[in-house]
Each structure stands twice: as C-alpha cells, then as structure tokens.
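Take a look at the following structure, please.
To keep things simple, chains are lettered A, B, C, D and E as they appear, and every chain counts its residues starting from 1.
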Amino acid sequence: MQRLIDRAKELLASGEVARVLGWKKGDLGFNPEPSYFETAESLDNDFVYDGFCGANLSKYMIEASKKDGKTLVFLKPCDTYSFNQLIKEHRVDREKAYIIGVGCKGKLDIEAIKAMGVKGILEVSGADINSDCETLTVKTLYGDKEVSYNDAMLERCHVCKGKEHQICDEVMLDSRDTKDAERFAEIEKIEAMSPMEKFEFFKKELSKCIRCNACRNVCPACSCRKCVFDSNKFDEATKANVDSFEEKMFHIIRAFHVAGRCTDCGECSRVCPQGIPLHLFNRKFIKDIDTFYGEFQAGEDSETKGPLTAFTFDDVEPSIVTERG
Amino acid sequence: MSMNNEFKPKIVAFCCNWCSYAGADLAGSSRLQYPADVKIIRVPCSCRVNPMFILRAFEKGADGVIMCGCHPGDCHYSTGNYYARRRMTLLFSMLEYLGIENGRTRVEWVSAAEGVKFSTTMNEFVDKIRSLGENVRLGDLRCKD
Amino acid sequence: MYKINKENLSALFSCIADANELYVPCNINGSVNFAAWDEEQLVDLDTLKTVKSPKDAFFPQSETLYSCKRNGKKLSITPEELQNKDFVVFGMKACDVRGLAVLDKVFLVDPVDSYYKARREHGIIVSLACSQPEEACFCNVFGIDASQPEGDVVVYMIGDEMYWNAVTEKGEKLTKQVASLLTDADEAKVEAQKASIKEIVSRLPYSSLSLEGWGKDAVLLDKFNSPIWEELYKPCLACGTCTFVCPTCQCYDIKDYNTGNGVQRYRCWDSCMYSDFTMMAHGNNRTSQMQRYRQRFMHKLVYFPQNNDGMYSCVGCGRCVDKCPIGLNIVKVIKAFEKGGNR
Amino acid sequence: MQRIGVFVCHCGSNIAATVDVKKVVEIISQEPSVVHCEDYQYMCSEAGQAKILDAVKEKNLSGIVVCSCSPRMHEGTFRKAAERAGLNPYMVEIANIREHCSWIHKDMEEATEKAVILARAAIAKVNLNAPLFPGESRVTKRALVIGGGIAGIQTALDIADAGYEVDIVEKTPSIGGRMSQLDKTFPTLDCSACILTPKMVEAAAHEKINIYTYSEVDKVTGFVGDFTVDIRKKARSVDMDKCTGCGVCQEKCPSKKTPSEFNRGLNNRSAIYTPFAQAIPNVPVIDRDACIKFKTGKCGLCEKVCQAGAINYDQVDEIVTEKYGAIVVATGFDTIKLDNYDEYAYNQSKDVITSLELERVMNAAGPTKGHLERLSDGKHPEHIVFVQCVGSRCNDNRGKSYCSKICCMYTAKHAMLIRDKYPDVKVTVFYIDVRTPGKNFDEFYRRAVEEYGVNYIKGQVGKVAPQPDGSLLVQASDLLDNKQIKMKADMVVLATAIEPEASVRGIATMLTASIDTNNFLTESHAKLRPVESPTAGIFLSGVCQGPKDIPETVAQAGAAAVKAIGLLAKDKLLTNPCTAKSDELLCNGCSVCANVCPYGAISYEVVQVNDHGIREDRRVARVNNALCQGCGACTVACPSGAMDLQGFSNRQIIAEVDAICR
Amino acid sequence: MSECTCNHDSFYEDTLIPKVGVVTDIRQETPDVKTFRVVAPDGSKLFEHMPGQCAMVSVPGVGEAMFSITSSPTNKEFQEFSIKKCGVLTDYLHAMEVGEEITVRGPYGNNFPVETELKGKNLLFIAGGIGLAPLRSVINYVLDNRENYGTVDILYGSRSADDLVQLKEIQEVWMKAPNVNVYLTIDREQEGWDGHVGFVPSYLKEIGFDTNKVALICGPPIMIKFVLQGLQEMGFDKKQIITTLELRMKCGVGKCGRCNIGSKYVCKDGPVFHCDELDEIPAEY
C-alpha cells in the first residue's frame, strides 16, 4: 500500500496528475470511502487500499473527466472493464485519466462476515493487500473470531473475471486467483425451477426492494444524466413501493438498459441494502447473449459494438424462449 | 373484469406500419375474423417497440402482448426488425426467467400480403392467452380495482 | 413483570394476531425486516437491527391518500380509509421507538396528518431491549437507553425467557389479551441485563461522539457556509439508502397514479439526496449534490433541533453507517466538523 | 391538453353495419378533452371533410380523431382537410374501425366496444401530438457517379441527357470497366468493344459529363441533396491537356515488365501506359512503382520522346472538392482469389485459367491476338474443360454463398464460340445446375448443347492434376450416372465467382450506406426500392448491389439514373417530419443511437448546455432530419429516453397502451 | 359531491385532501398569464384566506402546484389565481374551459400582516410581472378597508405593456381610488405606450419615496435584489420591507421536506417574510 501512496505522491509532485482518486480510511476500519486526494499529506494520512476497498471507482471518472488536468485513478482488474465500457460510450476521457491497475486479492463483504453471526465488529485484521489472504481475525465487542478470507469475499470475487487489467498505464501490486465458482451456476439453478418457483423466488427477493436507487446510482453502466425512472419521458417516474410490479419493472428495464453494456462488476449486488442478488438479472442477460449471439464480455475493449446494437441475419427467433422449453 | 364467466383477455398488438399493419388491413378487407380482444397499435417499425411499452401494457392489465413486423430481411428500414428480434428475444427470455408464462408474449413476422397469417396468428394467440387465463403475475394491483 | 419461555413465542404471536395485525422482524430471503406475521414467516428477534426501520408501520413507504374519479367534466374525491384497527409492532428497539417521537414532531403538529395520527393511535408498540449492541450503534449520544426502551410494552430477552413489562394503558390491554401465556416474574435478571448493556454501550466505538456545536444552539449560518461540506459530499452517490433505512427521515413526495379508472393520489417516501427532489416547474432551490447532502445533515443536526426544542432528528441507530454503499454516514459528518473546529 | 374533435364514419354500411356508430359518438363525447363528436356517412367525401373544417372553426379544435378506415387509406386525405382548416396536418389521428374492427367482427356489441377503445387510444395519442413541420433542404443539381464501367457510364449518360451535370470518378486510368475486357457478349454475341466504345465516347464527349479517371473518392460529408465530396486525382505524371495520345512514349518505355491489369496479368505492359487501345481518355499514366525514372532517378526517356511535352514527373495528387445532390455507386466487381481452391491447380498450371482470362485470350487485342492456345506452350488445345460454380453457391467458408448469376451464360457463350471457330476442339462443361432465366437465355444454352455439341456433365470437379506430359487430368463425379470420371484436358476454364470490388467497403463507410456481409451494398427495399440505398440520396447501379449481367446492369443503371434525376429535379426537399429528436439535456452522448441508425442520420457535437443552472460542455446527439427516415431504432437503444420519435413518441405510444388496457 | 364513506372525522379534516373547485371564469391577462376564478360546486366560496396566502391547485393525473391567491379576502364570492404557463400542469390549466373542475387545497402559509403590523401605516407596493398576483390580494384588501391604512403607493412594472397583469383593474379601480398613487413602467419602449419606460428599481429611485412607509415587494429574484438595494439606499430599514418567496412546495403543510430554507418552511413559516428575517436564513431561496 505504501508503494501506491509513494507512486501517487510522485505523480502528484511531478504535475503529471492533478489529483488522485482512491480510497480513504473509514472510521471503523472496514468502511473506506472513495475519495479525491490533492496533497501528499492527505495521501499519507488517509489513503487506504485493502480488502474492503471494493468500490469500483471508474464511474467517478465521469465527473473527474470534467475537471482540469489528469486524475490518477486506481482500478482493480474488474473495474477496468467498466472503464473501457465508459470510454466506448464517450462518458470518460481516456486522456484525463492516469490509470494505475492495482492488484486485487478478492474484495471483502462486511455483510458476509455479519451473516456468519459475527456481531459488534470493532476491527478486522488480515485484510491488508500484502497479507496472504487466508484468514481474517475479527475483533468484536463480544470476543475475537476467525473467518476464512474466501468465505468473506463478495459474490463477484468467487466468479472473478481474472487478474488482467484491460486498460491501464501501469500495474502495481499482485493479484490472486479467487474464482471458485461457475459464473452461471446460480442462473442455471433458477432456470431449472418451475415457472411458479421462479416467480415466487423473484417476488420474494424483489419484495425487499426499497427503491433506494443505490444499485442504479453505483452502476457504471447506469451513467445516464437522468434515469428514465426519474424523467417524464415514459411517464414512469414513480417512486411508489406498492406491490412487486414497480420493482419488477424497474429492475427488468434497468437490466435491459445495461444489457450488452454491463461488465458484471457486481457493484449492484454489493451495495443493495436489502441484499437482493441483483446480479442475477444482469448475468441472465449476459448468459443469454453468450448463448444466442456468441460470447461477449463488455469492457474487454473500448470499440466493439455491443450485442444489442448489432445483429446477424440468422439470429435466433424470440420463439426460442418457448421452444427450448 | 366482467361478471359473465367468459374470460375476455386484453391483448395489445404492436404492428409495424409497412408490413404487419398492412397485413392486418388485408385480413380486414378479406373479412378474416379474429377476436375483438386484440387491439392494434401502429408503430413505424418493430424496432420502435420499447420493452417498456410491453411491460407497461402488462402493468396496466394486458393479458398478452404480441409484436408483428416485417419478415427479417424485408424491413422497410432494412435492419429494424433485426434489432427488434434481439431485443425481444432477450426480453422474453428474461420474463420467462422471472416466472412469467412465456406464452403471454409473442413475436410474429407478418408481411403485407399475409392477411391470412395475421388472422390465424391472432386467433392462435388469443386461444393461447385464454388458456393461460388472466395475467396475475405481472400487473399493478392498483389497476385491478 | 411477566415472562414467557421463548418456545412459546409462536403461540404468543398467534394470540396477538388473533385480535390485531401484528408486525414482527422476519427473515425474508436473508434480510430481516418488519413484516406482517403469519405461521410461515421466519421470525428473527436476534438480529439487532432490521434493514428498514419499523417507521413504515406508521408512515408507509407508499400510501394512497385519496382517489379521484372523473365523470365527464365532474370530479369526485374519495379519501382513503384511515387505520381503524389496532395493530402491534413487536420488537422495536429503543432507537426505533425514539424515531417515532421524532416523526410525531412532524406529523402530529398542526396541521395534523390524520393518516399518521390514526396509525399512531391504533399502533401498540412492544419494544425489545437490546441485548447485544453493535459497532454502529450510538443511540446513547442522543440520550437513548438501549437497555430500557420506551413503548407500550417492553420486553427483554434473557436466556430462554422473554420478560414482559406493560408500561402504558395500551400495553396493559395487550397484556390482558395474552395473559394466559404469561407467568409472573421478578425484575432481578432484567436489572442485571440493563447493567451489562450499559457497560457494553460504553465500549462502543461511537459512544463518546460529541454533538458539541450542533443542535438548537448551533450557529446555523456558520455550519451552513462551512467549506467542510465541499469535502464531504464528493463520494455521495445520491442514492436514497440512508434516507430509506432511517427511522426519522420523513421527506415524502405526493404523486398521481393513473389506474385507468381514475387517479390515485399517493404519497411515498422521497429522499432529499435525490437530484430531482426539489425540482419544480419553476425552479429548484437545491441544484447541487453538495446542497442536498448538506440539507440532510443540517436538517437532522441543526434545523430540526432548532424547531423542536433541541430534539435531534437522529436516534443513533447506525443503519446509515451499516448500509451506505460507499461508507459515508452522519458520524463521519459530525467527526469532520469536530476536526474542523465545529465550524 | 387538446381540444379534440372526433368524427365517426359510417363508411356506408361497411362500418355502421357492425359498429353502433351513434353509441360510439355518445360514449366518446364524454371523454375529457373531447369537445366535439359527430358521425357521418362518408367522412372521406367532400361533405365529410367539410364537417371537419366547420368543427375546427366553430369549436376551435386543436386535434382531430377520425374513426374510419385504415390510415393507410385516408390518413393523407384527413391531414389535408385539417390543413385546409388551419390545423397542422399532424394533429390528426385515425382510429381504424373498419379493417381492424367492423370487417372482422360480427357481434355488434363487441365491435362497438372495440371501436370505442380504438377511438380512446387515438384520442389519448392526439392529446400528446404536437404540430410537426416538414423540413426543407436544398438540392445541388449535380450528380456523382462512382465507377466508370458500363453501369456508371449508362447512369451518367441518362442523368446528363436529362440535363444535369454529372461527374464520373473512375480509379483506373480509363473508363470502360469490366465490359471493356470482354470479347463477346451473350446472348447475341455482339463484340463487347463494338457496343461499349460508342458509349464511352459519348460519355466523354457529353457536355454535361465530366470524367475524373485515375481518381478516387476521398471524403464524403453532407446528406441527400447536399453532399460535399473530396475527389483525389492521383498524379498521372502526364499532362492531360498536352498529350495527343500518340503512344510513342509507351513504345519507347524501357520498363516493360509490369503485368497488364487489363489483360489480367497474362502479358506485360510498359511503365507508362494506357490500359487498352480504345482507352478514354487516351492519355497514358506513369506507374510510379514500375517507372525507372521514379525508382532510380535515371531514364526520362518518355519525356524526351514526347513531342507535346506532356510528361510531368512533378505532378502531385490533387484534391477536388465538389458538391452533389445525388451519388450513384457503380463500383462493379472482380473475380475472387482462388487461393482457397488448390484442387483446381490454378496457381500450378498456366493452362488453368479463369473465364475472364479466357475472354482476354479470345480477344483479338488480347495476349494471344485472339488465337485459342495453351498459355504454357502455345499449342492448340484439343479438349477444354469448363468448371462451373468455382467459389459460387459455396456452403463452406472458402467461397461465396450466393450464385454469381452470369457464369452459366458466359460459359455457354465461350463453349459455343470455341466450337464455332474451332470445331475440332472438344468442350466439356461440369455444372451443378444450369441457370438460364432471361430473355432468349435458355435458347442460347440449348443451342450450345444441341447445335454445337458441347458436352454438359452434371457433376463436380474434384481435382485438376497437371500431368508430366503437360496435359491436365480432370477428376470429377458424374451425378446423373453416379460415377467417377477421369478425363484428360488441355485447358481448364474456371467459372470463378464474382465479388464486389474491394474498394466498395471504404466507399460505403464514407457514404454511410449499408453493406451486407458479402460486401454488396444493401438496397433500401429488396423488392420495392432495389436501386436506392437506405441512405437517402445514394443510389446503386450495377454489380455493386448484387450479381448482374450486362442487360440487367444497364437496366438498373437507367433506373438508378431516373431515381437520381427525380431527386435532382427538385429544388428543395421536404423531409419527413416524423423523425427522431434528441433532448440534449438528457443525452449522454454515448453513441448507442448512432450505432443502430441505418441511415447515418445521427452525429455528435459538443455543445454548451444549461441543465437547470448547470452550464457545461456536453457531447450530444444530433439528428439530421434530411436523413432520418423515422424508424425509431435509436429511440429504443437510447437508455435515457433522450431520443424520441416525433409523431410516435414514447408518451404517445404509452398513452395508447394505457387507453387500450384501461 | 360524492357521499363520504370514509372514517375521517370530517370530510376535509386532513389538509392533504383537496376540495373540488369549479372554474367559473378565465381571463387572459397576458400572452402567458391567465386568471382563474374558482368556487365550490355548490357555488359557495371554497374557504376563507388572508392576503398573501396560497393554495394547492391540482388537476388529478396531471399535477399539483402551489399558487398564491390573488383575490382579496374581502371578496365574499370566489377565489382567484393568476397563473403563468411554465409546465405540464399550467399548460393544462391554460387549455381549460369554464365549467371544468379542478381540486384545490389550502389556504396555506402565513399572510401579510394586514390586521396587525400594517394597520395605520403608509404602504408602498412594488411588483414585477406575475409578482403582482400576491400583492393584488393585499391591495384590494387595503382598498376595501381604506380607513385602516395611510397612503398607498403602487409601483408595478413588466417586460412590456402586454405583460402587465390585471391592467383593467389597475386602471379602473386602483388609479381611481382615493389617496392611491399608481406608477406603471415597462422595460422597453413600445408603440402605444406613453407611460414610463425603464426597470422597476431605477424607476423606484426616480420617484424617491420617503421612508415613513412599509414596503411590500414581490417579483423576479433579480428585481427583488435591486429593489431591496434601492430601498435601503433610500433609507428604508429591512424591517420595513416585506416580501413573499417563491412557492416551490409539495405538501404545503411543512412536512415533505422540500421548501425549507434552513429551519424555515416557506409553506408554513412563509411565504411572507420580513427582509431582515431573510438575512438569518441560508441563501437557498
């Protein structure tokens, strides 16, 4: 981590970058926040990069692209997909970014630790980026606990897309293989359910939705200046929470709007206060796109046309949905 | 819902102006019957049909939504229906994934010359929706008073 | 003071539900929230904090106010029925109950909100004393005693027993309803638990948070014009998570829903963090996210106390601390001002 | 909110027999925003239209709904009526209660109920209609034809004869194209040069035609009626004005080792050359890659021998910028490369040739002066085998999936000509199918078989193996007799598939004209608009659109010309007002709309916006109304809803949905 | 009116529930301002109000917005709203016809202190454009209770002569009332206008009022800013100046959290403020 700070200070001092976009220490040791740093002093005091720095900073680059001078941004391998996609959509300015591809050993989910019944967490050690990432020691109000690092990881890290940065100016720190699950396994499980089971499953999940828009606002693909659900363009500006339809509409359309653009960065699921596995929507589209139109990973590059803005003459017919049973 | 026990489904059909709407006109001038449950909305091209429109129809109480366009390759705008085809495939697949009966949505390519196909398609679709019954899984309760 | 063995809780709920609507914390697909009780529900009284506060039992996220029908050029208006049946909210925590006191200051002052008032009158609160406060809790800062909540009935979970203490008339009435399931108990264990909770509270990371410079004596314009806000708001996503999990946030929107047969005018929770919150046809008084961010905390820590005899519009439940997607929260705001000399 | 008048048509009894028109009027009158509602026998009649005019005046209507027959029938009529009444014509909506209601339902109650719902949907839509105004754009009365083959020449002549200026851009040193390489033409066996040359001369002499040879299109901007094109005139190194075309320079040129493009590489040409004798312009060019002067700096012989002093080694490429109202693409074709077809030994044996090479061999001006001989040893062949469908109708990835269309006929022609001139030569043709649709085509083919004794075998050639004795062993299967055949041949002629000229892809990109996976330019409608590109103002002539023979090419060239003339004849273009429109405050500038636009109608620009007090520079989409055809693909692709379609807006369609589902 | 089947103590107990109002008169004031007269379906007045108060006008399904009541409480028959076209709801209202029904709830907010502080005082009204709407209520109240007040000066300006609201009433009633001076001005020269030309603040300086008055001002923010400056230069104390803020509200009852400026709710603590009060609240209006 000190290497990151030193490099950032170097780039600041040389005038190469005007500011640094990274993570700032939280007040509980496990709640860092995205932050801009403009001085060496603030980097020394507040900068942090550890297992809890899950936030994908690429979306902040939309605003940073409007500022004068370059912004140094730290992107994890999976974040670089989002950044590429944002370049493709002309939402960020590559010239305004100095990207340090920062290594990642799997990001932690404090909710996952809590779900193990750990209460009153005061401190988590073992989350340091230089640690071996095997065990976390959790100091709590009610005694110390040990937790396996992998068990405490975010869902997305279990289906990690890999250690490669898709775009960056330099790479720092090592990454670790964290993939231990099949990306589409959950989707296939649901697909195998009966229609009634599927319906009940999603109804239950979506009944938890409180329309707080955290999923949307954190999503690098949802970069619209004004969401359709906030504008009057479709007469759908509703904030009600009446029965499940509203949420269904919101989540289907949201997933549809990011289909072919979603890099599966997993931020939506990470931030949902109700723990709704929102990636199940986006990943379903990804799976379908892969099956119907050939494998496609959004954000692998910044030029290829997305699958919904392309076609072939012999694409499958919509009736495939019925026919495949 | 009417009190007599026969279920009268609400069905919205989006038809592209150049092929399917003309096909529906031909069905009409050929006096080919299909149930009055089907109401047609004219759009310039199948690629104008936003998934939002389809969900909106279900929200407001539609029991089935069908989209008709020119046959692939015959689009008046040359490529519109190719985009529509991808969009609808993905949307329908998503609806099925969410546990919505997959017969409630359908895409059919109907040319201006296919009046017969238009009416057969609509008859089939209405039958299908009747067999599925009222749409309860999608739809806003507030619209059901 | 009465008690009941935990094994009999289901019978207790069933008994309460016979005469009242009953809301209890339930685990639904992994998230614990207050929900209408039935046999099928997975009741969870161990989880300290529900994701959403129980405020929506009194101030629902969406509620229809009235319906309008148009007949030709004529309009008719049918107000929505008010709550007219008693209901019980079981398991509210000390902070949640205090949250209602905050809402009361908003909805029960003139002009009284009759929808809220009806729910308050018919609502019976069975509060549950905290047994394991967690890291984000700081209710003590606002003078709330986690071990001794307010409410109509206060219950304490101790070992295999749940202790039951009716505090108000409503509480007595409810106690009578379920009397057959309760046995007499003494207060020794309850007192012991209270003492141990107090000790834990003193060790909480936020327990010594200082509110100096805030509240009704705050210098409003100093705080308002402080440059600190410019630093604080930047990572904010402008989502409504903090607002919607908060037990005291009461901002709402009034909207129309066209059902096809008429218009339902409903109100729903809204967030002052949303970019379109103050957007009106003829202008917007808070155009930047900094302004909106500042509004939320100024309201909780300055405006509200100044209008309500020093009562803060924050009860230290810590939900926003737990749930903010990017780690911002009210505590960080208070601390930032502390560092900046409270200006 | 509009003040809407609703007019319900009886259409005699067509509607009134199944729809209770009076009841529809009664119910619809109660709808909010409806201030006038009446029924009439025939709304489309003069009297019916007069009712609209009266009501607009009396009730100050702002929107009109006519419940009648299909809008495809009378929408125009009622729009005009509205216009006469002083309303914007786009404030009219039609509820189709005839084709979509009365004619297909029997039950009166049911049909009436549906008619009411359809009327409500139309009312809901009109409520959100806004006046629309067709835009205008000026038309530059000049056309550009890209490609100077028979297609381009014919198109240019037809346009020029109609009185409009035409420029032809041809990338080779002469116009004439593929047809100039042909010997004879089917089905009448005219000499190709004899019928082409006069056309070339006519084009060159035409006062309205300006020919840029040895030139390419560099850049295209603008849109229908108003294109701006940069033409790169490549340095010819010969002054066009001074050269007399005497040809001495070519004779004296010491560099004579460059394969002749015109003769398909079967012989060589000099570094300074005209491709063929009848070339127009008859001015040579210096091939700088071959020229000794350019390579070493020494030589300069041509300059010395040129009495006209036309040689100019210092010429540089010149860019000419010109404005056009219409552009015709006539880029033609080439034969495919045969690298994937080793089994035919094309690269191993000089005696395996393509049909186009055979044309040159048989041509009196060709490498053999028109004598049929083996290119390896100059011997007279005894047996020639023709192989059909080489790379055409191919279901693997080696060739093309389509039929090249011309091969069956030219092979019959070749076979016939050979048999006619050299009756001793045996000719065998291996075919999959013989396709001869066309006037006098099948008769032509039958003559080859019946009169000239050409041996047609249905079967595929598996291998052509050069033998040590210089002959070729052809192994094939006979599909009719179901047996394997081996035969010796002296020459093998491959009917090689044709494909669009390679440069067309770049041109299509510049023109934003759509192109298919085979690089053929896409027509706007396969049946109804076969010579128009979906991109307005771009027309297609000849094989660039799909395989064609000469008569078809000429016919299509004329058709393309007529379409171009139709455009040029207008002073101004009225554009369809139902076009997409982007709300710049909501636009993300993400380009997704441009990616799906088939017409290249969307571009981006950076503008300063004032978004509720926030002033910033933003990249936003701009729709060119002259190009947009209003399909709406962009509106669905746009996630923010910034892009909307006028006349079929999101809100309008949603209002219709709501009205139907209510 | 429909039979009430609900269990509200009285039909209109909750102030969020509106009353149905019938539009009985529509006057086109300027190209984009119309004045709507509204009464209850039985012909009675919807409610009683005080000058400066406002009410929520709504077309169900279209929208709801706060407008100041421009008619005077002394009018015993109806309420009036002068409404400028600026959005979906106002577009709809402008397309409406006499006889149509809308909903109205209110009155909301505080009022100009006509019965207390202003009694016996000399009054100076300064308005710009549609800003006359709230002041008109006060002016007519004052004219109808003329004996309770001192001198009345009215300075009113607009972009052009066509944009002067209530011109007929100004000319026929106010100008003819005893002890009332009306000063009209428009921003730019215009054919057929022989009155004063110039912005309100500069006209104010030209006239130069003495300070033994209370000034009531309303208009666009830029006008208020310069009028305030002008008045202070003339020696007015901020306490002597009363204004009314823009009505950016939703609930009207001080609960929804939108219109607050600092700890003040415009809908409840306002919209009428003394200018010295404005100094104490954040500049978010």
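Some points to look at:
The rule is short, and it goes like this: a residue touches a chain if its C-beta (ideal position, glycine included) is under 8 Å from a C-beta of that chain, and two chains touch if they have at least 3 such contacts.
The structure displayed is predicted, hence computed values, not measured ones.
Between the interfaces C-E and B-C, more contacting C-beta pairs are found at C-E.
Centroid to centroid, with C-alpha atoms defining each point, subunit A and subunit C lie 30 Å apart. Remark: subunit B and subunit E have CA centroids separated by 52 Å (rounded to whole angstrom). Between the Cα centres of subunit A and subunit D there is a gap of 46 Å. Computed from the mean C-alpha positions, the centre of subunit A lies at a distance of 36 Å from the centre of subunit B. The residues of subunit C that reach two or more other chains are 70, 73, 253, 257-258, 260-261, 270, 284, listed in rising order.
Each of the following residues of subunit E touches two or more other chains: 88. Looking at subunit D, residues 596, 637, 650, 654, 658, 661-662 sit in touch with two or more other chains.
Chains touching one another, given as pairs, are A-B, A-C, A-D, B-C, B-D, C-D, C-E, D-E.
Subunit D meets subunit E in the complex at residues 1-3, 35. Touching subunit D in their complex are the following residues of subunit C: 70-73, 258, 260-261, 279, 284, 287-288.
Listing the residues of subunit C that touch subunit A in their complex gives 28-31, 33, 48, 51-52, 61-62, 132-136, 200, 203-205, 234-235, 237-241, 243-245, 253, 255, 257, 266, 268-271, 274-276, 321, 323-329, 331-332, 335. Taken together, the subunit C residues at the contact with subunit B in this complex read 257, 259-261, 264. Considering their complex, residues 26-28, 31-36, 55, 60, 115, 119-122, 140-142, 204-205, 207-208, 210-214, 216-218, 226, 230, 237-242, 270-271, 273-276 of subunit A touch subunit C.
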